[in-house]
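The first chain written gets the first letter, and so on, giving A, B and C; residue counts start at 1 in each chain.
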Amino acid sequence: MSAPLLEVRNLVKHFQIGRGLVRAVEDVSFSIEKGETLGLVGESGCGKTTTGRCILQLERPTSGEVIFEGRELTKLGQRDLRAVRRKMQVIFQDPYSSLNPRMTVGQIVAEPLSVHGLVRGAGARAARVKDLLTRVGLLPRHAQRYPHEMSGGQRQRVGIARALAMEPTLIVCDEPVSALDVSIQAQIINLLEDLQAEFGLTYLFIAHDLAVVRHISDRVAVMYLGKIAEMADRKSIYDAPRHPYTKALLSAVPIPDPELEIQRERIVLGGEVPSPLNPPSGCVFHPRCPIAIERCRTDVPLLTDLTPGHSAACHLASV
Amino acid sequence: MATLETFVEAPEATSAAARWRRAVLDFCKQRPLGAIGAAVVLLNILVAIFANLISPYDPLATDYGAMLAAPNREHWLGTDAFGRDVLTRILYGSRTAMLVGFSCAFVGATVGAVIGVTSAYFGGKVDLIIQRVMDCFLSFPLIILALAVVAILGNGLENVIAAITVPMIPRAALVARSSALAIREMPYVDAARAAGFKHGRIIMRHMLPNVMAPYLIMLTAFLGQAILLEASLSFLGLGVSEPTAAWGLMLRGAAVQFAESAPWMAVFPGLAISLAVFAFNLFGDSLRDALDPRLRTQ
Amino acid sequence: MTKYIVKRILLMIPTLLGVAVLIFFLMRVVPGDIVELRMAGEGAAVSQESIAIERARLGLDRPLWQQFLSYMGGLARFDLGTSMWTGAPILEEIKLRFALSMQLAIMSTIIAVALAIPLGVIAALKQDTWIDYVVRLFSIAGLATPSFWLGILFILVLLVFFKWLPPMVYTPFWVDPWQNIIQLIWPALAVGYRYSAVAMRMTRSAMLEVLREDYIRTARAKGLWQKLILTRHALKNAMLPVLTVVALEFAFLMGGLVVTEQVFNLNGLGMLFVESVAHRDYTLTQALVLLVATSFIVVNFFVDLAYAWIDPRIRFR
């Protein structure tokens, strides 16, 4: 077994806001194998986007290690980092602000080609741009368009083309379909899967919706308030979740069949998500957990393997 | 791999030229005052360029036989104390004004914008230091700093341009920085960073072009101010020097001494200054309203 | 509130220091030797010896850091050095002219405020009527008209139509108030008009915004008398942005004085500044620029405080 493409060890990211300390990411560890898709799921503010940004070094982690293709990214200087950046790309959530409004689609996709010297000569670049645009489902003439002349789904495709242009090995997809209409979401996810098969890409797929992630992920990690609550392969997460938070999330996903939907038991969590400025003691989930015991208030549960490949951070999970 | 979506497309793109024409026509229709201002500005520019073709006399030609002549058929706006034709000097004065105005405004706004955007991009300590330095420069009123530069460099056209440009830079930096702060948070800037682009490229290609609106507004404001400043400096004798034709300089010779005997020497150059600045301000105001109604505080 | 004051003072100090350092180096960036420029600039041929003597007198032959230290030391003692042109201590030169310029500044500000606020309010109340357009035109014209030209026009009008000129000799206010006022009212008007232009537009738009606010509509609905609404509710809240403008344009005021004093031949600080630049009196220029910058910083400081006092939200940021 070769080394994983991406390894995150004990990642911590704190933000200083005025007098308070926001604990966005608290001791997160996971790894992703080449060609795999890891889904990272959680509510807004749970730290999943920050984790993605720390991996990309768009934010520098407070502590911890990010090892990509065997290189420790947090220790790299600007120049070395620039060279590595080509191989790990990102697709953003908001198609409306993730493209420079002053550049044409063609210019946006061609820019990385010229900066990284991947394709020399304007003519060759134009051809490659056309090629990339067609691969993501756009027409070659879209290269002359400006972002504001395109729909949200089209813009997201441009973002994908831009990421692909650099021939990366890892793509961090930060909620790439959350801002799109439901009908378009499926198209984009299918596109991402096709591209993964064609180019052997590895994805870190960040989302807040378990249903969206189900289709594309091989493994899923569930985050809550800066920590990983549960991590397992797809089948186990959806069929046999062990962490109470995962169970609650799953029960919130509607089942298309109305009759079944009415009958099944819904787990409704009480209270609101605590602020990351002041996380609860012990298990961060304990104030809202339906099965919390005294120990949950005092002891922080560690992410432990329950079965190989399936871990959860809960004192009661092994029961 | 054309999907269903690509057939249900966003509005058809129009050519850049057609878009521009539409924008200009809309502007004229909705903001007639601004259009008038723009027209006067254009007139000023044309006069500046073609001064030598439309002026009746040579601006430097003296005629001691016709000193201090009141407006008449030969000299529509009269003559000054050296017998020089006032109308001609006003037309040529437009050259000085436009030259100084545009040079200072462009250089000042552009250099200031680069500084401001760079400061916002890097943030942290770099931003703090640049801001503090700009603050120091901003503690001087425009004319005081300009005069200080003149004190160092001496007067004359190039020095005046430098003297007026210097105080404009920190003001431009301030405006550009506040716009750039918002742009720095944009995902497309993150995308550029994630793509491993160099700082310079991100600043020039991704951030600066997106502060166009405030930049243009600054530019038009600076134009009016630069013209006024040049006139003030020349009036004080610390700007352009004789015998160059410049509106402020014409007022210097015309001050209190000839006020009673030759009022036309005082009235027309001042009128020229006021009209030019007025036009630039009108245009600038309407441009600001058109580009960003939210900025409308005045 | 005290914490806010302390914070602002702490912010002010590096700016003041920076300004002092900046001016110091500005004056030494002069291409060529300033003494030689000055002395030879008068058209006379000057011997190397006299240049050397002059340099020693001004302390320019000492190493830069020594000059800087004595400069800063002098500042701490409020010793601004001596004028290269007149040889007199600069502080004296300033004291002589201070009263005139200060009075001019105060009068201009009063005129500006007296013009801006009523006109701005009226324009806001009668929005889009001909009164509004006239006021707006008036203010835009004010921004475009050079104040020195306005001064010249005043003199012109006075001469031509009234055959009268303002007195040339300055009489302080307490000696003869009437003489004093009729001399200074004209430059004050010239400067005040432009000063009021920006404030007028600000007042108008601030009033417009406030008038649209819900609490004004509530007051109207309660049947309060219109004037009462105006003075108590709207005006107070519109004052904040107006205050900003009056304070910020204060910088313009100082600049405006420079040119206007020239027009009316008033021996004030503005005139002194122009003369110092014309005569390349670097020590004097240096001192005056420092004075202007410092007063600007200090005025801004007090404006910030006034702001924080009026609008409590600012204190707690």
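We take it that a contact is a pair of C-beta atoms (placed from the backbone, for glycine too) under 8 Å apart; a residue touches a chain by one contact, two chains touch by 3 or more.
As the structure is a prediction and not an experimental result, all values here were calculated from the model.
Visitor: Which chain has its C-alpha centroid at the greatest distance from the C-alpha centroid of subunit A?
Guide: Here the answer is chain C, farthest from subunit A.
Visitor: Chain with the smallest distance from its CA centroid to the overall CA centroid?
Guide: B
Visitor: Please tell me the distance, in whole Å, between the geometric centres of subunit B and subunit C computed from their C-alpha atoms.
Guide: 23
Visitor: What is the distance, in whole Å, between the centres of subunit A and subunit C, each centre taken as the mean of its C-alpha atoms?
Guide: Those two chain centres are 57 Å apart.
Visitor: What is the distance in Å between the mean C-alpha positions of subunit A and subunit B?
Guide: Computed value for the inter-centroid distance: 48 Å.
Visitor: Which subunit A residues touch at least two other chains?
Guide: Expected reply: no residues.
Visitor: Hey, which residues of subunit B end up touching subunit A in the complex?
Guide: Interface residues on subunit B, with respect to subunit A: 1-6, 8-11, 13, 186-188, 190-198, 201, 205-206, 209-210, 212.
Visitor: Which of the residues in subunit A come into contact with subunit B in the complex?
Guide: Within the complex, subunit A touches subunit B at residues 53, 56, 58, 81-86, 88-90, 92-94, 97-103, 111-112, 115-116, 134-135, 137-139, 144-146, 149-151, 153-154, 159, 162, 166, 184, 187.
Visitor: Residue numbers of subunit C touching subunit B in their complex, please.
Guide: Contacts found on subunit C: 14-15, 18-19, 22-23, 26-27, 29-31, 140-141, 143-146, 148-149, 152-153, 155-156, 159-160, 165, 198, 201-202, 205, 241, 251-252, 254-255, 258-259, 262-263, 265, 273-274, 276-278, 280, 282, 285, 289, 292-294, 296-297.
Visitor: State the interface residues of subunit B toward subunit C in the complex, per the touch definition above.
Guide: Touch residues, subunit B against subunit C: 132-133, 135-137, 139-145, 147-148, 150-153, 224, 228, 231-232, 235-238, 248, 251, 254-256, 259-260, 263, 266-267, 269-270, 273-275, 277-278, 281-282, 285, 296-298.
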